[in-house]
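Consider the two complexes below, in which subunit A is the common component and subunit B and subunit C are the respective partners.
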Partner chain A sequence: MKTQVSEHSGRTHGPPNPPVPPAKSGGRKRHWSEPLRNNTAVLLLIVLVIAGSFLSDVFLTPRNLLNILWAVSLLGIVALGQTILLLTARFDMSVAGVVGLAGIVTVLAQINGFGLYSSIAFGLASGVLVGLCNGALVLATGANPFLVTLGVNLLIYSLALSLTESKTLTSTIPEFTVLGRGQLFGFLHYSVILFLALAMILEFALRRTILGRTIYVAGLNEVAGGLSGLRIQLTKMSAFVLCSTLAALTGIIMTSRTNSTVASAGFGMEFDSIIAAVLGGTSLFGGRGGTLRTIVGVAVLGVMNNLLVLLNVPSEAQQIAKGLVFLAVVLADSALRRS
Partner chain B sequence: MKRLSAILEHHSAALLVFGLVIAFGSTTPGTFATGSNFENIARQISLDAPMVFGQMVVLIAGGIDISVGSTMAMAASLAIGLQPFGTPVAVLGALGFGLGIGVLNGLLVTRGKIVAFVATLGTMSLVRGLLLTYTGQTSLVGTDPAFTFWGNGQIGPVPVSFLVVLAVLAALYALLGHTRQGRNLYAIGGNSDAAFLGGVSVNKGLMLAFIISGVMAALSGVLVASRLNSASVQLGADAPLMSISAALIGGASLFGGKGSIVAAFFGILALGILNNGMNLLGVPTYTQIAVRALILIAIVVIDALATRLRRRELDNARIIE
Partner chain C sequence: MSAPPLQLNGISKGFPGVQALSDVQFDLRAGEVHALMGENGAGKSTLIKILCGAQPPDSGQILIDGAQVTIGNPVVAGKLGISPVHQELSLEPYLSVAENIFLGRQPINRFGLIDRRQMLASARKVLDELGVELAPEAIVGRLSIAERQVVAIARAVSTRARFMIFDEPTSSLTRRESDLLLHMIRRLRDQGVGIIYISHRMEEIFDLCDRVTVLRDGRFVATRQVADITLDDLVRMIVGRSIAAVAPRPRAELGQVVLKVRGLSKRGLLKDICFDLHRGEILGLSGLVGAGRTELARALFGDIIPDSGEIRVDGVPINSRTPRQAIAAGIGLVPEDRKEQGLVLAQSVMANIGMPQLSMLSRFGVIRARRERQLAQRYVQDLAIRTPGVDQNVMYLSGGNQQRVVIAKWLATKPKILIVDEPTRGVDIGAKAELHALLRDLAAGGMAILMISSDMPEVLAVSDRILVMHQGRIAGELPAGDATQEAVMSFAMGLGKRG
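Presenting the complex of A and B:
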C-alpha cells in the first residue's frame, strides 16, 4: 500500500522534475524492517504451517485445515468488526455480551411466534442497539471506550441472565440450524464462507468508499479530517454499530450451530478478537490495518490452537500461548512504530 | 459555593458512604445497622481493599492495571498450593509472584513503551493461563489450619484482615503523602512530560506504582485464600472492574494525578456497603450485576466530563491572562 503510493506519486511528478536516480533519493529511505512490519502475521503463519507439517501427520490434510477454518470463523466475524473499530482507535469489550444476547433475543423471538427471518432481524437489531449505546456513551462524553464498553458488557450480561432466568433456551424452528451447520458442496461451512466474504467486502469498502477512507482518517487524525469536511463523528458511530452488529451475527450463527443459547456464549471473544486483529497487523492506535489482514491473524490463532491440540498440549497452556503471542505482537508493534 | 464544590470533589466517597449507611439503615431496620453486620462488611472489604489501594497508586501515576484480578487469583492459588513447603514460603511465594508481575508490567510500560492498559491486558491473559495450568482448573484446599487466622481470626471485635488493611493503608498513606517518591507519582500522573523536565524519573515512578499494584493484588489473594482456606480459578473475575470502580469513586481519575489512599478506602467501603445492603434487601444477582455495571459506566463518564470541564476552565484562564 505504502510503496504503491510512493511509486505512483513518483511517476506523476517524474517527468517535469530533474532526473534523479530513483533508487537513492526517490522518496524516503526504507527501513530494513518495513517488509517485515507489513507481513509479520503471514511469516508467522508460514512458519507455523511448516512446523505443523513436520510435527504432525494429520495437520496438512484438507480435512484438518477446513476444521481449523470452521473453528475460527465465528471468532473471525467478531474480529472483523473489532478491526474496523480499532482502525478508528477505539475498542469494543462488549462484543462478548452481544454474542450471548443476540442468540438469546433471536431464540426468544422464535419462542414468541416470530418467523425465521424476523427473529434473526431481532437478533441483529439487538446488536445495532448496543452499538448505538456504546457509540453514544463514548463519543458524546469522550469517556474511556475500554471501561465504558466493559461496563456495557456487564450490563448486557445481566440483561441476558434476566431474559433467560439463567436457563438454556432452545430454538423452535428446525430450519434455523442450517445457518450454523449447513455446508456448501458438503464440506464448506456457511460460516466460513460468510467470514471470508465479509472480510473481502469490508476490505473493499475500507479502500474504495468514502466511509471506509474516513474510518482511517478518524483513527489517524480526526481533527484534520473534521476540518476537511469529513463527518468524523458519524463515521465513528457507524464503526461502533458495525462492530456490535457483526458480533450479533456471530451470536446468531453460534446459536444456530448448537441450537441453544447461554448468556456466557461469547466469553473471552472480546479479548481474542482484539488479539486476532492486532496479530494480523492492525494497530491498536488506529489508522493502520485492514480486514484481509485479520483473516491471517485469525488463521494464526486457529493454527496455533490446532497444533497445540494435535501435540497433546493441555488446553490450559493455550491461554499462556495466547498471552505470550499478544504481548510479543504488541511489543513488536510498539518497537517498529518507534524505529 | 467554591468550598462546597471542593468538599464534594474531595470527599465524595465519604459522603456516599454516609448516604448509603443512612439509606440502608432506614430500609432494612434491625439487620443492616448491627455490630455483627458491620463486622461482616469490614471482613468483606478487607479482602479487596489492598488491591484497590494498588489500583489507586497506579491510577495516580497515570496508569491502569487490568491484571490485578488474575494476579490475585494466582497468588491465592500459590498461597494454598505451596503450603507443603511451609506456610511462610507459600505466603512469600504468593507475594513474590505479585512482585514479579508488577515488575513485568512496569517493564512493558517503561521499556516496551506499551500503553498501560494494553500491557496489563496482556499480562492478565498470561497470568490467567498460568493459573489454569497450575491449578488444572480444580480447587486447591489448604492444609495448614493456622493460615486461616489472617482471613478469619479476630482480635476483640476487629477482624485480623481489617487490621492488616489498616497497616497497609498507613504505610501507603505515608509513602504517597510524605515521601519524595510518593509525591513524584502525582507529578507523573498529572503531566509526565513536565515531571520529566522537572527532573523526576518517570520510569522509576511508574515501575514503583506497578510493583505496588502487583504486590497489593497478591496480598488480596493471600487474604482471600486464608479466608476461604481454598483457591479456585473463578477468583478475581470481576476484580479489574471492581478495583477501578472503587478507586474512581475514591476520586481517582483515568487521566492521572488525582486521588488518595484514604479516599480509595472510602471507595471500597461504599461498594462494600452497597453490596451488603443489596444482599440484605434480597436484590436478585443479575440486578446486582447491572447496578455494578451502571456505577462503572456512570463514574467513567463523569470522570471524562469533569476532566473536560477542568481543561476548558484552564484554557479559558489562559486566554484571559
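Presenting the complex of A and C:
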C-alpha cells in the first residue's frame, strides 16, 4: 500500500471550504479556553460585566458576584442536564415539574419517617423514574420529545399538587437545610460548588468518554452511529435520565434552601434552562455545544438580572430584557453562521 | 454562421482561498446533448450554478442568441429558458404530479381559483409529449425516484425551456429506468432543446452525447465531438493522465470459507439465501435496485433480523441482532450512502475512524486520546487519505476521500469480512480506479469481500465470482471470467439460464 503525504488539494466542489472550525469531537489536545472561544455569550458577558462596573458601585464586589452565582446555580444545574439532551437533538420540557416533584417526594419521605439520606435518595429516584418514562415514551413511539415531555410535565405537576393537596410542605429534618444554605469557608455555597463541579465533570465526560462521544453522534447522525456499533438508543435513554435526575437534584436543593416546598417550585425552568443552554452556544439541533458553555449562558442571565435589580428596574422589564438578549444572541449566532 | 444559442466566454469565479473557474468557455447548440465532464471539484457545479443564476461570475460573458445577458437569479434564468433538472429533487412530496409540474404557475379559472381540470389536462399533455405513463393525480411522495425525475423533467418541459441541465440524473436509477430517461432526453433533443449532461458514467456519454467539454481544476481543457474520441482519450482529458483500464485480476486459488450463509430468509425481502464467501475473495453481488442486495447486507450485519437461516463466520454460527454484535464477529459494512449511513460528517476524520471500536480505544469508558489519534494517523497514511490532518472534519473531504475514511474505520477493526455497498457511487473516475485497487489489495491480503454494485463494468472487472439477485433470491452465480453484462442482466431480470 502506498504511503503518501499530500497537501490538501484545495480543489472544491461548488463553494469553497469555509475555514475549518475546531473539531467538535474531542480527542485533540485543546486549549482549556477552546469551548468558550468564538462564542457570542462570552462577549456579551464581558460587555455586561464592564457595563455593570460603571453602572453600579456594588456590582463588582466579591459579595455581589457570589450572590449572582448563588442565584443562578439552581437554574444552572437544570440547564446542564438540558444541554446534554439538546446535544442529542432532544428536549425535556418536564424539568419544571420534576423540580417541584422531587422536593415534595423528599419532604414527604421525611414526614413519613425516612432519614436524611434515604429521603434525598427518594427525591432523586423520582427524577430517574420520570427520565425513564420520558425516554421510553419518546424512543418507543418516535413521538416529538418536546410534546411528549410537555405532556409528562402536566402529569407530574398534577401529581405533585395532589400529593401535597396544593399546600406547602415543610422539611422535618433540621440538617436538611445544610445542602441549600451551607457554605464552604463561610462564603461559597454548596450549590455553587456543585453546579461548577458538575459542569466540569460533564464537559470531561462529553469530550473524553464513549458515552459523551455517543451523545454527540446521536445528535449529528444516529444512523451512522448505530451502524458503527454505538449504543445510540441506550445513550439517548441515559440523556433523558441524566437530565431528569439533575432537575430532581435541583428540586431537592431548592427545597433545602427554603426548607419548604410547593408543586410549582420549578415554574419557568423548562424554558429558562433551554434559553441558558442555547445562549451558551449549544445548538438546538444537536451535536454542537457543551456544558462549560452553559456556565456562560447561565452567567449572562444571572448578571443581567442582578444588574436590573441593582438599578431598581421593575420585574416586568427584567423579563423583557431576558427576551431581548436571548433574541439578540440567537440572531447574532445565525448571522455569524451564515457569513 | 449565426451565434450559438448559448455561449459562455472567459468565465472566472473565485472563492476565498480557491479559484473555482478560470477563463472557462462553453457553448450549447439547439438540439444537442453536450456532456460536461471533470473530476469532482473540477468546477462543473460552479459553472452550472452561474448558468442558473445561483452565483454571479467574477468575470466573463454569457451570451444568448448572441446578446449578452446577466443572470442575476434563478427566476431570470427561467425566463431566459434555462432550466436545471436537479439531482436533489426539489419537489413537494404532498402535492400531486400535476401540481408539482405547474407549481407557482397553476392555471386559474375565472373565480381566481386553481383550475384543476385544466391543470390535469395540461399535465397529461406534457407527460404524453415525454412518452411516459404517469397519472397526473398521483401524489409525488409515493413515486419512485425515477418517476420523480420524470416529474422534474415535465416541469422543465412545461416552461418551454430551451436549455436543460441534467446533473447525474441516472446515479440512483436502475438500468431500465436509466434507459427510459435517456430515451426521454433524446426525444427532447430531437425537439430542439439544448441539453447539458453531467454524468460519471462513461457508457452514457458515448451512447447519448454529441459533444463533450472537459474541465480540470477549474480550467477549460477541450470541447470535442464525442464521435471523434475514444474512451481513453476522454479519461486522459479528465484526469490529465492515463489510468490503466480495469483489467481482470489474476484469479487466485480460493481460500477457506470465511462466511457461510444457509437458508437466510426474511419475509418480503429475502428468500432462502445460500452462499459461501472465501478468504481472499471478492464476491460481486449484482442485481436490480430492489432485488434485496442491500437487505442481504443489512441482514448479515445485524441491522435486519432474519426470520430463519444460518450465518457462520469461520464455522461459528453467529446470531447478530445488532450491528454491534456483527462487528464483534468480524464483519464490517461500508454502507450504500456514506453521508447518511457511513460518516458523521460534522466530526473529525479521527472520530470517524475510531467510531466502530471506541471500547477498544478506551479504559473504563474514557477514550484514550493518544491511541485514537495514532490509529487514525496510521490508517490515513495506509489508505493515502488526502486530508490536512486527522482533526479535519470529514465534510470537507472529497467524495473519494470520504469513502476511504469509511473503509478505514472498518479496516481499523481488522474485520474478516468486509461488505461494501456501492463503493464507488458518486466518486470520480480517478478515485474510482484507486478504490478498486484498494479492494484488490485487501483481498490479496486475505480479507473476504462482498461487493454490492450496480455498476456493471465494476462488478465484472473487480469480482472473482458474481452472485446475481432477483426478487430476494440468488438467481444465479457466475465465475467472473465467463460473465458478460448480458449474462448478469438476464439473471437480474429473472430470465435466468441456469446450468
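In this text, the second predicted complex is superposed on the first by the 295 of 339 C-alpha atoms of A that agree within 3 Å, B and C clash if a C-alpha of one lies under 4 Å from a C-alpha of the other, contacts with A are read in each partner's own complex, and residues count from 1 in each chain.
Just so we're on the same page, a residue touches a chain if its C-beta (ideal position, glycine included) is under 8 Å from a C-beta of that chain, and two chains touch if they have at least 3 such contacts.
Just so it is clear, the model here is predicted, and its values are computed rather than measured.
In the superposed model, A:S334 lies in contact with subunit B only, and not with subunit C.
In the superposed model, A:L230 makes contact with subunit C only, not with subunit B.
In the superposition on chain A, contact of A:F271 is made with subunit B only, not with subunit C. Judged by the document's definition of touching, no subunit A residue lies at the interface with subunit B and also at the interface with subunit C. The touching residues of subunit A, when paired with subunit C in their complex, are 1-17, 20-29, 208-211, 213-214, 216-217, 220-221, 223-231, 287-288.
Residues of subunit B touching subunit A in their complex: 108, 112-115, 117-119, 121-130, 132-133, 136-137, 241, 244, 254, 284-287, 289-290, 292-294, 296-297, 300-301, 303-305, 308. Of all the residues in subunit C, the ones that touch subunit A in their complex are 15-18, 20, 40-42, 45-46, 49, 55, 217-218, 301, 303, 322-324, 327-328, 333, 335, 340-348, 350-351, 354-359, 362, 365-367, 369, 372-373, 381-384, 386-388, 391-393, 396, 398, 409, 438, 441. Interface of subunit A with subunit B (complex): residues 137, 141-144, 146-148, 150-155, 157-159, 161-162, 166, 271, 275, 284, 314, 316-324, 326-327, 330-331, 334-335, 338.
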